[in-house]
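Next come two complexes built around chain A: one with chain B, the other with chain C.
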Partner chain A sequence: MARVGSRPTPTMATRPLLPPIWREIWRHRLEYLFVSPFFVIFGIFHLYPLLWAFYLSFQRWSGFGPMVFVGLDDYRAVFTEAQVQQALLNTLIFAVVLVPTGILLSLTFAVLLNRRDLRGRGVLRTIYFLPFITSAVIVAFVFQMLFDNSYGWINDLLKALNLTPLKWFSVGALAKVVIVVLAHWRGLGYSTLIMLGGLQGIAPDVYEAAAIDGAGRWRIFWDVTVPLMRPVMLFVTVIGTIGVLNMFNEPFILTQGGPGNATLTLTLRLYQLAFQTTRYGDGAALGFLIGVLIVAITMTQMRLLRSWRQ
Partner chain B sequence: MSKPQGFYTPSRRQFLVAGISLGTTMLASACSSEAPASPPPAATSAPVASTPAPAPAKASSQSTAVPAAPVAQANASQSSLKGTLSWWGPVHHPLVDTAAGFQKHNPDVKLDWQHPTDWKTKFKATLASGTNVPDLMWMEAFEIQDLGSKDVLLDLTERIKPIKDQFSPGKLAETFLVKKQQYVAMPGDTGLVGLWYRPDVLAKAGLKDFTPDLAFDPDFLNYAGEIHQKAGASAFFFPSAGYAQPFEIFLAQLGGSITSSDGSQVTVDDDKGVAAMNLVKSLWQTKANLDTTFQSPDYWGAIKAGKLASDFMPAWMRGFIETEVKTAADGAGQWRLMPLPTLKNGESRTAQIGGASLISTKFTKVPDLVWSFMQYSLGSMEGCTIAGNWGIIPAYLPYLGSSAFTDIKSPLFGDFQFAKVWAQLAKELSPKYARTAVFGEADTEITNDIMPILQGKTTVVEGMHTMADKIRQANQRYQS
Partner chain C sequence: MIATSRADKAQRLGVGSLSAWRRKTGRAFLYLFLWLFAFIFLFPFYTMLVGAFMPLNELFAFTPNLYPAHPTLDNFVNLFQEFPFWRNILNSLFLAAGQTIGVLFFCSLAGFTFAKRRFPGREGLFVAMLASMMIPQQSTIIPWYLLMARLHWLDTFLPLWIPWWAPAFGIFLMRQFIAASVPDEILEAGIADGCSLFELYWRIVLPVIVPALTVLGILQFIEGWNAFLYPLLVLTSKEMLTAPLALAFLLGSSLMAPQYTWLFAGSALATFPLIVVYFVFQRQLMEGIMSGAIKG
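For the complex of A and B:
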């Protein structure tokens, strides 16, 4: 069967002046037509907003009325704003805490769930993944009840153990702990699933060979599993870091950035700037700064981890 | 597999033409702004106040069939008004009820009541484009000041001026743009604050009922300490993560304000601001606060268990509490209301928290119709009775002085005539307390910065100056 659109068309002869690339496009116009929906949708809903947001980051605009060109003022305002600086510090703290512990915990869970002698593996895998798809509203209610300053179940437990109840939502460091717990609770299922996929991709022969050579469980884990899991761990690290740098849901549903901005993250601040105070120019500028930060950190991370992998 | 006989197979060209036509039609349909042809009916009984507080998430992208008017006006006089009025807001709202009454008088007016989610964000998007802007919106005081300063609201000055004495001065002031000398909103819900309390909880702790001349210092402070020690109950709500409302209430009572009435000067750290913060500090030091998250399950649990013996609460909280407190065991019928405790050098025994007003925009094509609706809903006895029965306190003084308002009963208060207290307080609401465009950001700053002051990590004066400087920085953005 002839390839669709590959036959020479009479119109080509009438367009001899077209550059070669356009001639090729014209010749494969049907193929291009079929793939065009993606590009049209991408152009309308991704590229255009991105370019418009970049343009907006040089304007002062509150949502209506004329825009005022302010050059780099929005970037300067965002850079010097105390809340943004605090949000940057908080976000980096969350990244430093959440990413390594997330890797460690998800690898541990994945190894446990990968055990062939584990009963109810399927059920357990589902349970681990459930928090990832649970409604944020329900999660907020549950965590508020768990950590409430006066009536929280965690504080009830502490009291039962003759320990002093803690003001979880009133002390900055404790509020950060609650956010970390929530982020792990919600996100571990996803990274565990990826780790599990990686583990199942390791051929059983490798383990058998190591066992025949006399390696124990720990030795096999450190010298076989971990090296072979490096590409997956690299992927989870990069994805996890990007996720934490974009962290919004957890502080939004639980603390709104409080107490005293202790859990304010960069994207939550972006939301406040753009949608609560309608400082769209500042919001757009912060969005691009977050983008640059993510690219820089991700590239650094990939270089470091690539050398580790090699 | 062979094709069945008679089965029509379109050519590739026909297939493509049909596909493109279908896609174009779908795109055109998606871009169309027509409202759904058959709006689903909505329940409208549960009162949920329009406030800046987190309301139950009930909004959905749908429209409401206007319900039957609760006021019997079967043979009401009918006008010759024609046209379409649109409004965006929550499903449960007083304007849904007043719309029914308005419709009876104006059968030729089509009311297009829509309930999109995040309607305020979408509303601002329509303002940006200037197309499909709803004719009516229910906006908070500081949003009115912000939008008004940007020249997008309908100027109601000539319409309100002749009747301005009929509204609570404190609420009316919030609809007025000082710099432009314009009224840009119809005074709506008066978010009056009073002292809500439970005499039964006081009695259990061996404490006497409050006297009408209750002073903040020492009466209320002493009571707070005692109720905490004797009954393990709280005297007021104040999450230790930070809370701005007590400060805002005291500031209003003292005749102070966060900004000047035109919004140009931030005055939160003046003498009155410092005095208000000192009052909050003395309140905090009683340790009689309910420390939980506002309207969380634990918050409602404490209220039902009688662990919150009193609080400085706005009028619109009635709707929220009524939906939670259903039985006598939960405290239904036990609540009482009185003016806020008197303050030394205080000017008022009330303040305002939340409470929105009704606006239209310069884009409306039916300003007369808009005004008719505004006047009916919030400036007439009939409309205000409907809105008042829903649960808000309209600022219309003839209504507030009538038995239609003062005789309102609530299962929360039993036979106690709580509305009489609100009617009294509406008259003394201070017009000096200005919630200008920066108010939303100021509220966040106060919430964030108040705890170090209360915990003594900084002096009141220093802490207030630091806080005020941040608000000043934010306020610059609202000065055009």
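For the complex of A and C:
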């Protein structure tokens, strides 16, 4: 292997015809080798499929036989499909419900768990973060049992409190609630930790100054913590939104998108189109549309993040 | 919180026992609130654990038992008749470990090179790598699957390892950490000793970045262990399924009411190893995520 220190090697002298930039590149061949795995893997397993997907989104193909070029028909079919429209609406509802409530709850948890006078702080943090390690699939089994229409423990609890048991998985809005609860149960610990990290990055003298000015806890929270935490909150918003747009496991196990497509998400519809009905062209078109949606939303949020930083 | 802030002021003004009482109720509410959520976060784990040792009729009794009245191991026995579940758990381990080792190696190697070496086009390549993170997986998933089929990689672990070995985000994290925590002096000393570039990485950089490797490794391991969508696409035979996948197949194949107690038995077995990992590396994991937030 080439020694790093003694780089200008005699082999160079034997290649006088190479322009200097190529000599530079040859001299750093090991560096290129070391960063190459990313580019090779990305090229073969991500970029090539991306180009292939683009091509596929203009074809009609079910995996066998010749492809038929159909122009924009796949996009048209996907745009006008009732399930896709419903899935888009559901996904947006999940985002609009999950992201703000997630910010509110995780910021509250973080502020409380950051208090120095809180006993059992470490234990509580450990418990709050524990759901993060679970598989969404496995937790979905548990939630399916807990919220079961006839035998679920949640309904038993409601009966015990003299309330009406609910048909969780037969009513669209209630099934959405179960998905939201499950997503929060798994995700809140992670966003709480990120918020905690943000809180610990605020210099203590900012609080001291506010306290000297006679601000109470509530005032300090609104006038000091919230403005300083805005970048972290926006970061949580970005990753939370991407998470919702990727949502697949929870509805796949819990509801299969039901009842009546009430919990169908975009990624679940993509899976159904591609791998249950093998409409590869339509699936590729939907994949592209989801991709554009994710990029557009993320870019907008990132731009906001940057403008708030300044 | 309003109560406590008023109490603070009241105490400064010298109002005695009333403010003390308010402060106490404020604290009581604080603890009640936090422990209520702690209970909610723990309860599904409890359900899974007791359900694993209950007969189904006990889990679904009219007035449910919150603990097994007649503990049984039947759920485990039945699960193991239905699926080679030890094998499935081992597959999860195999998948997660295979992903993690590759990710740690390729990310730290590229991260070191981007952080500490100068070469033509370094900035351009780094930016190109970051830009690749914008491509959502949904857009590529169908051809990705078709590619795996063409490579004859279906029903093997290769599609779940190799394409995920060099994630841009991991390389970015490693570059940031190495740039901040590996001093140039020790690298120069290594060069003076005649180390090759790989020896610099292997002997000098790696030992310094163990904390960052630990965090990235645990996060990757958890992700690999719990992976679902991509394994669902490529793994099909019972011997190759991962634990979450085997359980999802069990749920999907049940003709009558799902056998939740079997599922819970499997879920408990599949979750237990991660809980152990979590408790061993808790501190590093939490600190890693918290410090990432400050930079992010």
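Just so we're on the same page, the second predicted complex is superposed on the first by the 270 of 310 C-alpha atoms of A that agree within 3 Å, B and C clash if a C-alpha of one lies under 4 Å from a C-alpha of the other, contacts with A are read in each partner's own complex, and residues count from 1 in each chain.
In the analysis below, a residue touches a chain if its C-beta (ideal position, glycine included) is under 8 Å from a C-beta of that chain, and two chains touch if they have at least 3 such contacts.
Since we're looking at a predicted model, the values are computed, not measured.
Colleague: Should the pairing of chain B and chain C on chain A count as a clash or a fit in the superposition?
Modeller: With chain A as the common anchor, chain B and chain C collide in the superposed model.
Colleague: As a test of reading the superposition: which chain, chain B or chain C, is in touch with more residues of chain A?
Modeller: Tallying touched residues of chain A, the top partner is C.
Colleague: Which partner does A:145 contact after superposing on A: first (chain B), second (chain C), both, neither?
Modeller: After superposition on chain A, A:145 lies in contact with both partners, chain B and chain C.
Colleague: Would you sort A:275 into first (chain B), second (chain C), both or neither based on which partner it touches?
Modeller: Touch partners of A:275: chain B and chain C.
Colleague: Should A:116 be classified as contacting the first partner (chain B), the second (chain C), both, or neither?
Modeller: A:116 contacts neither chain B nor chain C.
Colleague: Classify the contacts of A:156 with the two partner chains as first (chain B alone), second (chain C alone), both, or neither.
Modeller: second
Colleague: After superposing on chain A, check 134-142, 152-160, 206-214 or 296-304 and name the one in chain B that bumps into chain C.
Modeller: 296-304
Colleague: Residue overlap on chain A between the chain B contact set and the chain C contact set?
Modeller: Residues 63, 137, 141, 144-145, 148, 151, 275 of chain A touch both chain B and chain C.
Colleague: Quick one: in the complex, what on chain B touches chain A?
Modeller: 16, 57, 121, 124-125, 127-128, 130, 146, 150-152, 239-242, 290-293, 296-298, 301-302, 440-441, 444, 447-449, 451-452, 470, 474, 477
Colleague: Would you mind writing out the residues of chain C in touch with chain A in their complex?
Modeller: Contacts found on chain C: 1-2, 4-6, 8-9, 30-31, 33-35, 37-38, 40-42, 44-45, 47-48, 51, 59-60, 63-64, 106, 109-110, 112-114, 117, 119-122, 125, 129, 132, 134-147, 162-163, 165-166, 168, 171, 191-192, 194-201, 222, 225-226, 228-229, 233, 244-245, 247-248, 251, 258, 260, 263-264, 267, 270-271, 274-275, 277-278, 282, 286, 289-294, 296.
Colleague: Give the list of chain A residues in touch with chain B in this complex.
Modeller: The contact residues of chain A facing chain B are 33, 62-65, 82, 137, 141, 144-145, 148-152, 167, 169-170, 175, 255, 258-261, 272, 275-279.
Colleague: Name, in rising order, each residue of chain A that touches chain C in their complex.
Modeller: 1-5, 21, 24-25, 28, 30-32, 34-35, 37-39, 41-42, 44-50, 52-53, 56, 63, 109, 112-113, 118-119, 124-139, 141-146, 148, 151, 153, 156, 185, 189-190, 193-198, 200-201, 216-219, 221, 232, 235, 245-246, 248-249, 253, 266-267, 270-271, 274-275, 280, 283-284, 286-288, 290-291, 294-295, 298
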